[in-house]
């Protein structure tokens, strides 16, 4: 089976600066891929190149069997939901959504029917005659989404679509997006710097760093087996260390075989408190119900640990022993 | 999408080309005449220009009128702007429209109205004579006072509008706060209002000062050949004597004074801010 | 404080607007010479304004010039402002300074320069030179006002339009233009008024048969002391009043302050 979208040695940049170098990447029809990475990693640039809003310096983009590298953005059949929504301020919600259909000269009856369907799917039917500035952030977000899906793009790109919403609305829109994607079966690329969003939504996550792909895989695979110190840090491993001269962070002996790893990581619940070769001072303790979370100041750096609430408590200022055992370690093959 | 800079250059080309050919080149050729005498490049024209006592007088008069018009506009402007800002939105809109109106009316019509008021058989003289205060008509027309009055009326809106806008943008409660702390009105003005609105004052001051320096219609009609300002002098030198060197010198002086005022006032505003 | 502020406001408004009332009344005089209060009321000088051929011709020229130069300045200025705000090509700031330079140079210099170094060497007509001078004077206004409205408009709505199938030009026409319409109208009004009332630029570019209305009025008042210029001034003031009222209705002038 040939790939639905294929980026081949894609190189992107502005002027003399190269933002993305030799990117290879393929996705299947109906897949939801998250492009994840810190700001400046090239994820938005990559997305803009797929949209056609910037011309690659090298490489090719193939969509549905057609080379679209030089095809202008309005002829690609790619939709884009902007981070800022980019609604047309002078048009009503209805006309915003109808914009693409009018350009395609869709007949009036069909146009009304399709716009209404899109508005209904996003729960906006009752707001059809409002202007964008009369809507809340969440409603504007839905208009942007409806406007993009009504033209039935082959591929929908979403640029940090939830980053301007408050936390509750973000969770709500997240499940809404997921529902829409299942119903429409449309291929989506979701650009974000929020790993929890990527984990929750994506079929596959691509972690980007400095214009290259750092790791690509299912959410489980990336969460369980980060391929590098960078990915581990980005996926929310609290305790990540590099190995230096066979020593943890260059100072502490490691009690087990590190194999070919260059870094090791532990989640807070894998850190054993009260025994072990390392010493640290409790800087803070937070009771979270089931568990107590400790922040330790140690020669290795700050360490976050969790212990069951039933275990003996430690107070701030106590010096305690702890262990970073092989059980629960994640070996990181790259920096 | 906007990365293709060639498109940008193509869009700019018509306007740039037009301004360069239809404005910049002729003006530069003309102004370069200020630095040329028969022998080549020199500053001789400036020495000649300022060698004449009439020219010096016109220069100082222009400067003096610009300065006084700006100062009086600023003082009146603050009073008027503060009164306008106090009003409700509807009244405020109407008042602003009334302040804008004079800007829209032909300066010739505006200035001509002063002929009717200040002239020998004008409103003021007839009125004073009828009241028996004076016996012979006062000479107001063709004096510096007449030009001053005309310029104030012409440029006052350019001062008051930026001041209104600056006062509007001032945080609501600072004046009552200062009053509560016991400051009298003068202190409030110097310590609170002036520092917070100086950007508006700078914008207005630049517009009024530069506008007064380069005014033509007002001195031409209300000053005549007796009270010349730099622009009317320029017109006279060219139309009477074909004296293009003096014209170029006056042009350079006016542009230099405008640009200097701009820079100076902007500096003044930003230095005080820091 | 409030009372003295209102007295000052009233006095200043009287000073600003009173002369226009006086000139309107003086224009309705029945007498032979200009005076106030007028010697009786009549419309004879108002009627006379329309009979003076030079006024009629000058009005037609000023009207044509104002509309033509403003449209030309917008045609040149809108793309320029758009390029400056969106594409920021190399040297953008230098170019911005060039296209807004005419605002710094006194109009009388522009007129003289065009006469001496464009009309005389190339042999183009004075009317063409007037048109060029007025347009050059208005380009900075067009660029500034349109730039200001573009700054307030997000650039990504154009990208959104393109992603929905619009061409670049289509995106500009359908998404940018409607949103900067009030800025363009403001630029048009400012441009029209500036050109129509312009004296210094036109001063040296007037010749036999080619005179703009304000220049013609100045010539006329040099040799005549009858109330016809007062009547004409009154008419012009009323015309401006109408423009301000329409502008306030359509644009809400107070928002632009």
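By letter and in written order, the chains are A, B and C; residue numbering begins at 1 in each of them.
We adopt the following convention: a residue touches a chain if its C-beta (ideal position, glycine included) is under 8 Å from a C-beta of that chain, and two chains touch if they have at least 3 such contacts.
From a predicted model like this one, the values you see are computed outputs, not experimental measurements.
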{"item": "Far-end chain from chain B, centres as C-alpha averages", "value": "A"}
{"item": "Two chains sharing the most C-beta contacts", "value": "B-C"}
{"item": "Intercentroid distance (Cα basis), chain C paired with chain B, Å", "value": "17"}
{"item": "Centre-to-centre distance between chain B and chain A (centres being mean Cα positions), rounded to whole Å", "value": "58"}
{"item": "Approximate Å spacing (C-alpha centroids) for the pair chain A, chain C", "value": "55"}
{"item": "Residues of chain C engaged with two or more neighbouring chains", "value": "159, 162"}
{"item": "Residue list for chain B, restricted to those that touch at least two other chains", "value": "1, 4"}
{"item": "Multi-chain contact sites of chain A, meaning residues that touch two or more partners", "value": "53, 73"}
{"item": "In the complex, chain A residues that touch chain C", "value": "51, 53, 72-75, 78-80, 82, 84, 86-90, 99-100, 103-104, 147-148, 151"}
{"item": "Residue ranges of chain C in contact with chain B within the complex", "value": "1-2, 5-6, 8-9, 12-13, 15-17, 19-20, 22-23, 26, 33-37, 75-77, 79-80, 82-84, 86-90, 92, 95, 98-99, 101-102, 104-110, 112-114, 116-118, 132-133, 135-136, 139, 143, 155, 158-159, 162, 168, 193, 196-197, 199-200, 203-204, 213-214, 217-218, 221, 229-230, 232-234, 236-237, 240-241, 243-245, 248, 252-254, 257"}
{"item": "Residues of chain B touching chain C in the complex", "value": "1-2, 4-9, 11-12, 14-16, 18-20, 22-27, 29-31, 76, 79-80, 82-84, 86, 92-93, 95-110, 112-117, 119, 121-123, 126, 152-153, 156-157, 161, 164-165, 185, 214, 216-217, 220-221, 231, 234-235, 238, 244, 247, 251, 254-255, 258-259"}
{"item": "Of all residues in chain B, those that touch chain A in their complex", "value": "1, 3-4"}
{"item": "For the chain C and chain A complex, residues of the former touching the latter", "value": "153-154, 156-157, 159-167, 170, 174-175, 178-179"}
